[in-house]
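Next come two complexes, and both contain chain A; in the first it sits with chain B, in the second with chain C.
Take a look at the complex of A and B:
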């Protein structure tokens, strides 16, 4: 049985170029090997600039890896071929308003994914978009809306609708909940959990909030300066953390938090 | 969509509609739009609505005053010029040269310039740079001067003037479209469309294009006023449209000799030129203001 997703020695370097001088190489992600099973939820945590967004973007295909390969169901993913992964791996961006086209209606943006990934007729596309809008708690009326007419929670729902519309196997969310207020955040997370249950999607998300991670994740990956610090199931990470950083990031009730980002103590979970 | 208006509904306008609404709030913009629309209509209908043949010389009515003066005749509403040609007919027929040809030149320049600009904007690295700076040399020469150079080489004619003006306008379109696309293409919504598996052509025409239409419209208004002024100026110098043709600039030049005797032969074509350019400039300006207003309010 092959794993759903496999990363083999995936790394990312950026080259900073100043004029004609040869550029400085900046390492965003050191070679990383990782596997993910079907239906699992993986949380990626770390400080700002630790490379967690880079992992999300590499898996989703928004960035090309400098070295290494990514396999989906044992099949190699070509970083240049967007069509190959667009059906199976979907991404939810950090800023929902900026990831929606301001001049196009919600309906047309959602059918874009169907147009290029399915063979549905335009009638069927329309029906499917309306159905998906209902699934994420919006109305079919929102088909004709432009992004700026919606509230930020609704925009986030549209982004989720765009992610789930083609029945993907993996959804990657890059700090998708940061800009939302706690009640909407809880709503959206529960929505994603429901969808995950219904459609058995694997879910990879980047987050600062230990509360959300504890509530949602099966496995946790801790990053620091582009390096993997610790990787394991949520339970072992909570009970027997090996590294100091893991302890800091996961234990929100600790008084001496290093960064402000990790100290967020919003109660977003619903017991 | 079935719309039963039982409930009070406030529909927020779409982004392009919002610009239109903002423009409608500005009375000058609306006036300019109507004036421009009227001139455009006159130009399109000019073969039908001219009261006289613009080239026919009425020997019995040389330098006839306009009809609102004491010695004017209602037969010649705007009077006649020194050869007895009806001025109103000449101004109406002249709109084809003074507005129609500039529109044609701008259209050709916009099509060529926008396609090269879009190509440059969608490619990267050396290819993008090469395409973007392909015609930059032309930018260093003022349009009128370039037109003069071309005319000096191949002789004065309308066709040569058109080529010169089109050539000058193309790099401006390349730059503005390239910059607009370059600004848009790294935004997240384009990445999202890329991750949807959209083809490059789809991304350019359906995803990016709606976001840069306003830039193109603005550039068109700027280019149009330049083109009109250039054609009129060359006509005035006798280098553009040749003599019997009723071009507004050459009409101005012809009336220069008898401006004290018959001022209307200069004032009336001048007013036509002035109104056209004013309308286009006000229109372009208010579109720009409306775009900025919308960006600020959203």
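Take a look at the complex of A and C:
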């Protein structure tokens, strides 16, 4: 059986040109080989400049790889064929309000995705948009709303609706949970877990919150300076991290905080 | 002895939909050298509170308080010039996106030198100039920047966000303030950088007995050394108390919910659904009456349409009709 997604020696270089001399190559991602099964969740972690967003962009097709190929179900993804890619791989961005068009209604923005990817009539498009809005926990009434009329959580739901509306196989999310409030964030995580169960979507997300990664991911990929540091299932990464960086990134902040707070207050009470 | 004493601070905004109480009877005390964490989701009025303390006040806001005292000054009774003198001498603030609060047009060094208090410099022109330079360098050393020369010679866009935040902390402590207000200084920073900033703030607070009011959005970003914590929801104080008591034995349903929503790594099995508060944070125009958590609270009953009063058990304060802990046995 073929894998859902396969990256073969994918790398990304930028050429930094200074004047008319041949430019300097800057490496954003060194050749990377990676596979992902259907319905699995992959979390990409790393520090700034580690190439984690580059991987997300390469998979989503926002950037073209310098070398290597990406295969979806054993089929080569052409970097220029957006129609093929946007049907199967969708992306969610960090700032939900800024990734929505402020001038058009939610309904029209969602049907634009259908217009490009399907041959539905406008009646069918409308029905499908209504159905998708319900799937992500919004009301059909929201069809006529403009993005600014919604709260940040609802905006993020619209972004998720735009991603799942064409029944994709992979959703790529770049820091999609960072700017949300805790209570809304928990709701969105629940929504994504529900959708993943219903539609067996694979989910690739970039995050630096160890809490979310531990909860949601099946596999974790740790990056540093464009190189793969460690890759494995969440279980093994948590129990037997091989690298210092993995341990550092996966340690849970609050746990330390609470223990530190407890110990420090104990010491003060003793004094 | 608290140096900042706020009792029943109310901030009202005039909007097109009428007057809205954005901050409703909030009380807060900060002792000298204490790190106080203020946790609130968006729309909780936490940034407004910071602005009210510092006096960045829009004339359209109506600010009333039983007490808004800074040391022995009644901040509400001072005229703007006096108030500016007091806050300018004793307080400083750092912000969320440090890069965007630095002047993009001038080098970091120029911005730092500008901030050295002129009254502390001695001698004639050249001597003063050299003195400024060494003091600016010393400031950068104090916030843990080793290559001070090269940082001072660079523009803000050239700095990483961690470095930019350190520079803005250096600028904030240039005149040795007694109170530093940090408004979500580490949001969207990676854990490593965040830990560095926390260690730096804790060290500054300990070595110079500087109080820090740390404003954050969730419970995962708390300075480990923080002594007290206050949770605010929609402008109402939910719970306040010593950090470890509040985090280990929460009295208020909101604290409990916030804990389970940010601490799920330990409590929830992977891939299970997380416990959440239903619904969304209410908008300013549609604030519920009584306890503002009411419509989202799992324990809400009829009594919750009246605003609960602040109860106190030992050092832990909470505003709830139906607290989680056993109150009677503790008294």
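By definition in this document, the second predicted complex is superposed on the first by the 247 of 271 C-alpha atoms of A that agree within 3 Å, B and C clash if a C-alpha of one lies under 4 Å from a C-alpha of the other, contacts with A are read in each partner's own complex, and residues count from 1 in each chain.
Please note the rule applied: a residue touches a chain if its C-beta (ideal position, glycine included) is under 8 Å from a C-beta of that chain, and two chains touch if they have at least 3 such contacts.
All figures in this text were calculated on a predicted structure; none of them were measured in a lab.
With both structures placed on the common chain, the touch criterion links A:47 to chain C but leaves chain B unconnected. By the touch criterion defined above, A:151 lies against chain C but remains apart from chain B after alignment on the C-alpha atoms of chain A. Judged by the touch definition given at the top, the superposed model places A:190 against chain C, while chain B stays out of reach. Of the two partner chains placed by superposition, only chain C is touched by A:234; chain B is not. Applying the stated contact rule after C-alpha superposition, one finds that A:215 touches chain C and leaves chain B untouched. Looking at the shared chain after the overlay, A:248 reaches chain C, while chain B stays out of its contact range.
Looking at the superposed arrangement, the partner reaching more residues of chain A, out of chain B and chain C, is C.
When the two structures are aligned on the shared chain, A:61 is found in touch with chain B, with no touch to chain C.
When the shared chain is aligned, no partner comes close enough to touch A:32: not chain B, not chain C.
Contacts of A:182 after superposition on the shared chain: chain C is touched, whereas chain B is not. Overlap of the chain B and chain C interfaces on chain A comprises no residues.
On the chain A side of its complex with chain C, the touching residues are 47-48, 151-154, 175, 178-179, 181-187, 189-190, 193-194, 208-211, 214-216, 234, 248-249, 251-258, 260-262, 264-265.
Across the complex, chain B meets chain A through its residues 1, 12, 14-16, 187-189, 191-199, 202, 206-207, 210-211, 298.
On the side of chain A, the complex with chain B involves touching residues 60-62, 82-83, 85-87, 90-91, 93, 95, 98-105, 112-113, 116-117, 144, 146, 148-149, 162. Here chain C touches chain A in the complex through residues 41-42, 160-161, 187-188, 190-192, 194-195, 217-227, 242-245, 247-248, 257-258, 261-266, 268, 270-271, 273-277, 280-281, 283, 296, going by the rule given at the top.
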